[in-house]
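These notes open a run of structures that come right after.
The following pair of complexes shares a single chain, subunit A, combined with subunit B in the former and subunit C in the latter.
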Partner chain A sequence: MLARLWWIVHKDLTCEWRTRRAWPAMLLLGLVVAMVFSLGTDLPADQKRQVLGSLLWLAIFFAGMIAMDRSFAAEREEGCWDGLVLYPVSPAAIYLAKLAANALALAALEAVIIPVFAVLAGVSLAGSPWALVLVAVLGNLGIAALGTLVSALGAGLRHGAATLTVLALPLATPVVIAAAEATRLASEGSLDASWARWVQLLAAFAVIFVTAGAVLFEYVIEE
Partner chain B sequence: MDGHAKNRFPTAALAAALAGALVAGLMATAILAIFLLAPTEETMGDVQRILYVHVAAAWCGLASFLVAAAGGALYLVRRDLGWDHWAQAAGELSWLGCGLTLVTGSLWARAAWGVWWTWDPRLTSTFVLWTIASAYLFVRSGVEDPHRRARAGAVLAVLGALDVPLVVVAARWFRGVHPAAPEMDPRMRLVLLVSVVAFSALFATLVAHRRGLLRLQARLDAWEAAADQRQAAQGGATPPRPDPLQRRHHHEKELPWVRS
Partner chain C sequence: MGDRTIPLQARRLTKTFGNRTVLCGLDLAVAEGQSIALTGSNGAGKTTLLRCLAGLVRPTDGQVLWLGQPAAAKPSTRRLVGMAAHETLLYPSLSPRENLVFAARMHGMPRPAERAEELIAGAGLLVHADRPCGRLSRGMRQKVAVLRALVHDPPIVLLDEPFSGVDAEGTAWLMRVLEDLRARGRAICFATHDYQAAAALADRVLHLRAGKLEEIDLAGALPAPAPARAQAA
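Let's turn to the complex of A and B:
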């Protein structure tokens, strides 16, 4: 079965590589947000560090939702949706495969955008890289899990799909806030009990959203 | 139309009237208790009485959202649109309950802390729940087909219900300014209980009434669709439907300030 899931991930990545539909827009949005943040806020370095976390994760969320939304919309347009639904694997497994593909997209986004934010905000990331990686991975999972489910739901509705993307933000708020706070604390170098609390909350919601997504996906993709 | 509804109508109306009277009585008791029975708090004075409405509204908002999520989940399992009516009714009242919580809390905050709002964990998570309820209603209003709407609503409600435990736990887990569980005079505790019971009864009857309206609307739509189908089968044109909003189409001449 893993081989079948791998084929779904492979299909997504290959399609994206050949058509370059979603990833460039995603990366561009992330960079534009980084640029506006840097140009627009003329704050001293320590105050910039305060806002760095929230703006970074908001940029990742919106850019990521663009990529996930476009990939599902494209699938529907090309008629691949029916093929996916008919694929001889359980819907939960399809969800996990889609989640893996989206998580890879978000990882690519984070790999580009986190260093850019760090440079523009004048924050050194060398202090606690593993902490930052942990937060990035968990936040990635949480946003990808929610985004995959919500984008699939939006693709299934003929109307109002674009608004659905924006309306996913309140649902993602626990993940975004927890990731933002954990990033801020990690960039300041204070990996104490409160940082651990935020990471626990982040991990809990990542697990909860992946589970909820796997359970609900079959209801989302049915006609 | 089935004859069952006609036969049940007097009993249903009587039950609704009795429920309404009971709720009115409970709410009157609660209001009297809040102003006459509850002692005046020593630091805040009479403003503290907002607490009785604020806590009750918060409880109702959270409980209604859980009912909406349960209704959605039951729809997904049973595929009966009746469950979706309960879910939508409860969702609307959850929006109201959370909104009331935010407003009453805001009034209290102004008196107690000097600010209308602060990004305390419990306030933030309640505000997030309110926006999720708004998103739920907004998305539902955009979908025409009842089954698609029910499915989309159910998924959103179940996802949103994940925020409810966060609202409850946030005040204890993350230290903020929102009071967690203060020591209360026994009379205050009693009035709080009365208020919560009264508001719960109010919200429950409102949900039941709203659900009844949705059920009637669904029946009307089904009847109209069947009538249209019969007309189409007989080859006739469908008659124009009366406009329930009685929209009047103004001509410029009727407007006094327009020179014709």
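Let's turn to the complex of A and C:
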């Protein structure tokens, strides 16, 4: 199963590399939010630091939704989704493969916009880089797991992208809040019990969404 | 459990979409080496029937059996079926070779690259093997779509309008492929509007009307020649 899972991820990355239909739009949105945050808000440095996490994770969420929606829209072209379902692979494996490809897209986004946000906000990330990486990984997993499930649901609908965001935003709100707070505390160097609780919450949501996605994907893709 | 010697069976198959009944308790059996042509007007439900037979759509009632087992009961049973749908199921940015290698890998074939090469060469597509499928003609894409369905040499082959968009040379190739499959004992079910192809390739021609299948006499399946204009006038 692992080999097939890898070949689906490989196929998704190859198709994205050739068509560039999702990642550039996603990166552009993330950078635009970062620029607006920097140039459009006239806040003192300490207040910018306060709102850094919230804006960063909202940018990651919305940009990630674009990538996930487009990845499933591409799968619907020429009936490719039916082709995928016809292979002797469990729906859970297809879900995990799509999740992995979407998580890689989000990781690429985070690798670009977290440093950009930090530079524009005048925040140093050098103090606790491992803490930020942990928050990024768990937040990434939670958003990608939820987004993959919901975008599969929205892919069969006429207004899939709008449906996706409307459905995903309320469900993703706890992840965005927890990631924003954990990022703010990490950027301030406050790796205390409060930070640990936010990280535990992020981990719990990641586990819940990945498990729910793997279990429910079969019903989501059924006609 | 059903008869394990019959590759494909549908029992009392019913499919409704809202208030509309597309398939109405129909029965079908396709034996080894048998080829069945499905005909019917546009919207009669041929594609829905093939999708039910492929396990892509869950029937509202009744069941589909592959070699006596409920269709798609386990992911591994999907190896029993190969389907070429009305859409090609091919990734437009991948070449025919990449699409076939991907399909072979997903079916767990031991030497996917060699299998893809063998199929591409057999279809005379070597020159176009590395061009993205999105840039190939409809006829070439249709050939690759059929190869994708056959990459794992399944015992059950389902084809939805395989002759659409295919030129004379492609039609001849496809007829040879179907005849070879039939000779090797594969159970074939294909939807078509081409009565001549149906008469040439099928052991039985079944016409789908109002959700039911009606057997058509092969000789009578060929439409009568149109009357000359002068005579009609």
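Quick notes on this structure:
Criterion: the second predicted complex is superposed on the first by the 217 of 223 C-alpha atoms of A that agree within 3 Å, B and C clash if a C-alpha of one lies under 4 Å from a C-alpha of the other, contacts with A are read in each partner's own complex, and residues count from 1 in each chain.
FYI, a residue touches a chain if its C-beta (ideal position, glycine included) is under 8 Å from a C-beta of that chain, and two chains touch if they have at least 3 such contacts.
Not measured: the values here are computed from a predicted model.
Under the clash rule set out above, the superposition-derived model of subunit A with subunit B and subunit C shows the two partners fitting side by side.
In the superposition on chain A, contact of A:15 is made with subunit C only, not with subunit B. Contacts of A:135 after superposition: neither subunit B nor subunit C is touched.
Of the two partner chains, subunit B is the only one touched by A:212; subunit C is not. Look at A:149: by the touch rule set out above, it reaches subunit B but stays clear of subunit C. Touch criterion met: A:197 reaches subunit B, while subunit C stays clear of it. Legend: residue contacts after superposition of the two complexes on their common chain; A:173 is shown touching subunit B, with no touch to subunit C.
Applying the stated contact rule after C-alpha superposition, one finds that A:65 touches neither subunit B nor subunit C. In this overlay, which is a superposition and not a single complex, subunit B and subunit C have their closest Cα atoms 5 Å apart. Touching of subunit A by both subunit B and subunit C, each in its own complex, is seen for residues 222. Across the complex, subunit A is touched by residues 51, 54-58, 75-79, 81, 83, 85-94, 98, 102-103, 105-108, 132, 148 of subunit C.
Across the interface of their complex, subunit B is touched by residues 146, 149, 153, 156-157, 159-160, 163-164, 167, 170-171, 173-174, 177, 197, 201, 205, 208-209, 212, 216, 219-220, 222 of subunit A. Residues 76, 124-125, 128, 131-132, 134-135, 138-139, 142-144, 148, 151-152, 154-156, 158-160, 162-163, 166, 173-174 of subunit B are the ones that touch subunit A when the two sit in their complex. Contact residues on subunit A toward subunit C in their complex (touch as defined above): 3-4, 7-8, 11, 14-15, 18-19, 77-80, 82-83, 85-91, 93, 222-223.
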